[in-house]
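First chain A sits with chain B, and in the next complex the same chain sits with chain C.
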Partner chain A sequence: MRKNKKRLNKKRINNNSLVDKLAFIIVLFIFSGFAMLTLKNMDMQTLIITIAVPLIFLMSTTLIPKIFFADKLLLSLVNFLCSLGVLVLYRMDPAKGINHAINYVVGLIAMVAIMLVVKNLSRFRKLFPIIGLFSLAMLALPVVAGKEIGGAKAWIQIGSIGFQPSEVVKIMLVVANAYFLSKKKIFYSMAFTGMCLLLLVFQRDLGTALLYYVVTLIMMFVASGNWTLLAGGVIGAGAVAVLGYSLLKRIGFAHLERRLLAWLNPWGNYRDAGYQTVQSLLAIVNGGAFGLGLGAGNASQIPVKETDFIFPFILNEFGMIFGVCLVIIYIIIFLRGIAVAMRCNHRMHSLMAAGCSFFIAFQTFVIIGGNINMLPITGVTLPFVSYGGTSLLSSMGMVGVIQGIASINKRHIMQDELLADIGEGLA
Partner chain B sequence: MKNLRSMLRKAALVMTVLLLSLVVFGAYNVSTQGNRWFSSSANTHLRELRANATAGNVYDRMGVLLATTDINGKRVYNPDSNIRRSMVHVLGDRQNNVGYGVEAFMSNRLYGFDTSPLVKLSHALRGEKLKGNDLRLSVDSNLSSRIAKLFPKDHKGACVVMNYRTGEVLSLLSFPNFDPDNITEVTKQDKNRPFWNNATRWVSAPGSTFKVVTLASALQNIKNIENETLNCSGIIEFPGGRHNLLDAGKAVHGDITLRQAFTKSCNVVFGSLALRLGDAKLLSTAAAFGMGDYFLFRDFVVENSSYPKFNRTQSEIAWTGVGQSALQISPLHMCMIASSVANGGDMMEPQLLLREINPNNEVKEQFSPRVYKKALSKEHAQIISDYMYSVVQNGTGTGAIVKGYRICGKTGSSEIDNQEKSNAWFIGFIDEENYPYAVCVAVMNAGSAGKIAAPLAGEIFKAILGVR
Partner chain C sequence: MARENYELLALFMRYWFVFLMLIISIRAVRLMAKERHEYKKLIDSLPDAGLIGEIVDITTGNSYPLPREGIISNKAGADIRLIYLPRSQSIHFEFVPKQGIRLSPTKRNTNALMDGIPLHERPYALHGSYIQAGNYTLRVRLFEGLDVPDSKQPSLSAIDDSEGWSERTWDFAADDYLYHIQSDVHYESDYDYNYYSHPEYDYGYEDEEGYTKGFDLAPPSGSAAREEGDYEEE
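Presenting the complex of A and B:
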């Protein structure tokens, strides 16, 4: 038994050294990217960020796992995506790059904070029902006092800071649903999610509503193992989509019809409705397999290239092969989160980690699918990379949840090992 | 907990497959359509990309230089303005106003964009521009400019000449055309859209030329139809009366054979044949001829042709049988349909590129003809070819006769809503071993096909054959 465990430990150590090598390569990549921008811009600010971002990356990937237990691979990949976001946004507009770097640091802090909260989850047990009420209240805010951007009314402006409550509520949604479902109160979960969806429809933020719906449905299916529920959910959503489409476009959802048209026939309407999609596809093919090179791209025409359409912008400069790698990175992040969920002893912990992983994965699927015209454009962001403080914060928060669960798992394993050691010692 | 894990595993598998499907979908679309996106007129970046490379020369099949690059990197076209005008929709122009011209659609070869990144890098390091390859096309620029002169002035339309044995396109003209060396604001604002390639990208009802397809379907599905006596009462009435099917000039043909009905282009007989066949059988024959296909030809971007699928009333079906209703076919596709009849049922893929020659004057790639699909059997193709011969000998297409040569053809006058006169179509071919050429002519808003399109096709045949 002891031999086995030693082999296990050895394996883990080797894996860690592999992750260290990976982190080294990532730092090299990010550093050389920024170095190129420094050579191009030749100013102090770029030089500072060239040193700062790789430093943030190194510090966070080495220090966080040292102080708290955290999955290092997951952490380095998430850090890679964030710093890639800083790099690409800085290349688009230095001010946005700096902002994203600040958001990145804030996101890291939020991640650690949420990690610590989740780690001591048992202390907050009484708060769970309140989380539900609180998230509903937050979602109701933009309906009352929101600001309209891109056809959706999902923003709140407080002074100079604007933020999107539906992003923050993502984490609460997963936590609240995990709580209800672990207690087998499936109707509570349905009612709660239903109210969230209703509020999102009032905000006209249908992209986020889709994410909420699908993730909750997956969580319900995983928790109950009920195939009829899943089938009903999918068919119901289809029916609502068809019915809702004909109803909604009459009552102020004019952007819906355009998006549908743009999806079905972007080339027929490439001057107006299909403009975004066509520009996105052109950016990808103009880049080719290897890309035009950082700073040498020609995708500046894509509308909302900082948020919704950052993926084709990246492909334009880094190439399609890099794009495939990005998708694979998202898959690894997702599977890493699922692995954490698999190792849990507790239903609620498992559902929380799984819910967050599915959220990140499905959001990635929806936005990249929209970028390559596989799905209609929904106006959600690419996790970790897209510009937008609240969006980055919520994505990092979800990683925090996964990491927190991972550290609970670790604690359980250590307790088991300790017990086993004591048992052996007694024998 | 155990159950939860197994469900989690399933859900995670599905999500991973979904994420991987992004890669599959993207790779598939880019590989099949990427070049079409890249070369479309929507891609305004093509010009910047081109500035970094020196394009090769473009020659026609006789070796006439159509386009080259001068020392300053400027693109220079043939000095003869008639040749420039007749080649512009095949070649494209400097600003890529004409989407999918050779200069855009084959820019990977012509500008060398498809060379390996290492070669590109070494060029960039040496400060040299990338040098593209020369292309030899199948078009005949002299023939094309002669045909362009024959086409009725001030009419929109298209004309395609292709070799039906190989699919090589000799001439592909769209009217109105323009001079790529003289693009003015007037050209850009012209509501007749001179930039639009009517031969490949304009789809419309082809009128009675579509009876070739109805005829093929009747031969395939109704036994002994050739020897049957058919009746033309001059009208097929439908409930409501608004969509009654009539013959041109309210003619009544009485009892006639299938050959006579085809020769005289009798609407009533072909309308009732379509009703006898039914929508499904007519559709399956039309599909065999390429209707509804997603055309992904190597050398051409062609608008897909479509057979109407919705609101199929009896009158709709009858009208489809005579080439009206919501049928949509491009002139190039009609030319392919004529070619498949001429070529014993084998439809060739239209070919434009003959050879690619690298800067060292070595042949990099030689392109050979490809069969696109088997449209109909050899026997039926022979029968239809015979019928088309009678159309030209003593039917609606006598205008296309060339003495001493076996010319086959079919006319079509299609009526379009809100248009004063009908569109005049003619498809046909020279049934001679040494002159395997098929022609499709479409003149918009021109009147009767027998008076406009058939004589025009006759002149084109004479130009091909070199007779006066």
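Presenting the complex of A and C:
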């Protein structure tokens, strides 16, 4: 038995060195990318960021798992996506690249803070109902004093700083739902999500409403294992979508019709509603299998390429093979999150990890689906990569939740090993 | 750098980036699979992983593995399922290090007790604590070495001397902690699990008349009990 444990410990060390090798390859990738941009721009700022971003990556990937027992593979991949975001955004517009790098560092700090909160979750038990109320208040803010961007009134502007409350509420939604569902209070969960959805409809932010709905439905299914509930939720959503479409476009949801037109027939409306989709598809096709090369692409015509349409931009410069690998990395992040959820000993932790994993996965699916015209465009961002401080912060926060729970799982396994050792001593 | 030269470099470097990305994704997939395999091995070597002890129904002798957190209820999805437990009596439990197992009712109209304390007061159960819910009398049995305070060991009469105790057929000594299994044995079923983890597996126990009995004489537990219709006799 002890031999077995020694062997397992040895393997864990081996695994750590394998993750280190993976981190080294990622650093090589990031460094090569920024080195190319340095050669292109030939300025000091690019040189500094060429050194800074790989350094941030290395420090966060090595230090955070050591101090906080975080999942190293998950952290490496998330850091890679953030660094890729900085690289691509810097190539588009250096100012946005630097902003994204700052957001990345802030996101890492937020991730660690959320990890610490999650690790001591029982101390914050009494705050959970308040979290629910606070998130409703946050969602009500843009309805009262919001700023309209892209058809949705989902932004709050305070001086020069703008943020999207619905992005922050994502984490709160997962925590509040996990709390209700772990106590088997499905009705409370339904009521809370229903109120959130209503406020999102008032904001005209239907993309985020879709995310909220699907993730809550999945969390309810995970908590109850009730197929009828899942089927009812899917059929109900379909019926509401069909009935609501004709009603909503009459009451100020004009962008909804444009997006549906762009999805159904982008080439027929390529000068108007379908322009974005057509440009996106052309960028992907022009890139081919290997892309046109970093800094040599021709996808600058895509509207909102920094946020919603960053995926076709990446495919244009790095190619479709790269795009497939990118999707694989998102799938791995999702599977790691689900593995963390399945290894939990606490129902609430499990639901939180599952909720956050599904949020990241479904958001990725929806935006990539929109980019390749598989789904209508919904106006959500590609997690970790797209430009946008609030979006990056909320995505990193969700990784923080998963990482916090992963570290709790590790602590539990260590306790189990200790108990087993005590048992062995007694036997 | 001149634009033409940069474009040439970019055209060459695109293969490098795709190559690196392929290596990153392949390595990530392999690492994930490897870690999963090793975790499975580790869990196989710790058959009690995730558990902190057991709950014993002292009326029937059935024992139920006690996870760190869960619900005691009559529903199929409950972590500890007691099929004759009234719906109002379902209990949520959660292990809190250094304090014990925090018990809380999931319904308001419960009258379940822990060592005589109503569950509305969110009491902490320790090793040897008694829980009364519906017609069930349960006793908590924790693993040796768990990070909890020493139990106060309440006497049975202090809890309830009116009914139920005369039917008691199985119990354990107050200082008789359970211990974590040290084995690479893979259990095929709940019945096997209970069989091997039971303290009487090794040495049997003495009944009231002084006869030593093996574990086979004790009532079966878990799914095996349900299959054999033990509950119907009640």
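Here, the second predicted complex is superposed on the first by the 425 of 427 C-alpha atoms of A that agree within 3 Å, B and C clash if a C-alpha of one lies under 4 Å from a C-alpha of the other, contacts with A are read in each partner's own complex, and residues count from 1 in each chain.
Here is the rule we use: a contact is a pair of C-beta atoms (placed from the backbone, for glycine too) under 8 Å apart; a residue touches a chain by one contact, two chains touch by 3 or more.
Computed from a prediction, not measured in an experiment: that's the story for all the values here.
When both complexes are overlaid on chain A, the residue A:80 reaches chain C alone and has no touch with chain B. When both complexes are overlaid on chain A, the residue A:332 reaches chain C alone and has no touch with chain B. Shared-chain residue A:33: touches chain C; no touch with chain B.
Taking chain B and chain C in turn and counting the residues of chain A each one touches, the greater count comes from C.
Contacts of A:345 after superposition on the shared chain: both chain B and chain C are touched. When the shared chain is aligned, chain B comes close enough to touch A:369, but chain C does not. By the touch criterion defined above, A:290 reaches both chain B and chain C. By the touch criterion defined above, A:262 reaches neither chain B nor chain C. Legend: residue contacts after superposition of the two complexes on their common chain; A:92 is shown touching neither chain B nor chain C.
When the two structures are aligned on the shared chain, A:225 is found in touch with chain B and with chain C. Counting contacts as defined above, chain A residues 225, 290, 335, 345, 347 meet chain B in one complex and chain C in the other.
Every residue of chain B that touches chain A in the complex is listed here, in rising order: 1, 3-9, 11-12, 15-16, 18-23, 25-27, 29-30, 34-35, 37-38, 40, 42-45, 48-49, 113, 117. Taken together, the chain A residues at the contact with chain C in this complex read 1, 4-5, 8, 11-12, 15, 18-19, 21-22, 25-26, 28-29, 32-33, 36, 39-40, 42, 73, 76-77, 80, 122, 183-184, 224-225, 290-296, 317-319, 321-322, 325-326, 328-329, 332, 335-336, 339, 343, 345-348, 412-413, 415-420, 422-424, 426-427.
On the chain C side of its complex with chain A, the touching residues are 1, 6-7, 9-11, 13-18, 20-25, 27-29, 31-32, 34-36, 38-39, 41-42, 45-46, 48-50, 67-71, 77, 92, 94, 96, 106, 143-147, 179-184.
Of all the residues in chain A, the ones that touch chain B in their complex are 218, 221-223, 225, 267, 270, 278, 281-282, 284-286, 288, 290, 298, 301, 320, 323-324, 327, 330-331, 334-335, 338, 341-342, 344-345, 347, 350-351, 354, 357-358, 361-362, 364-365, 368-369, 372-374.
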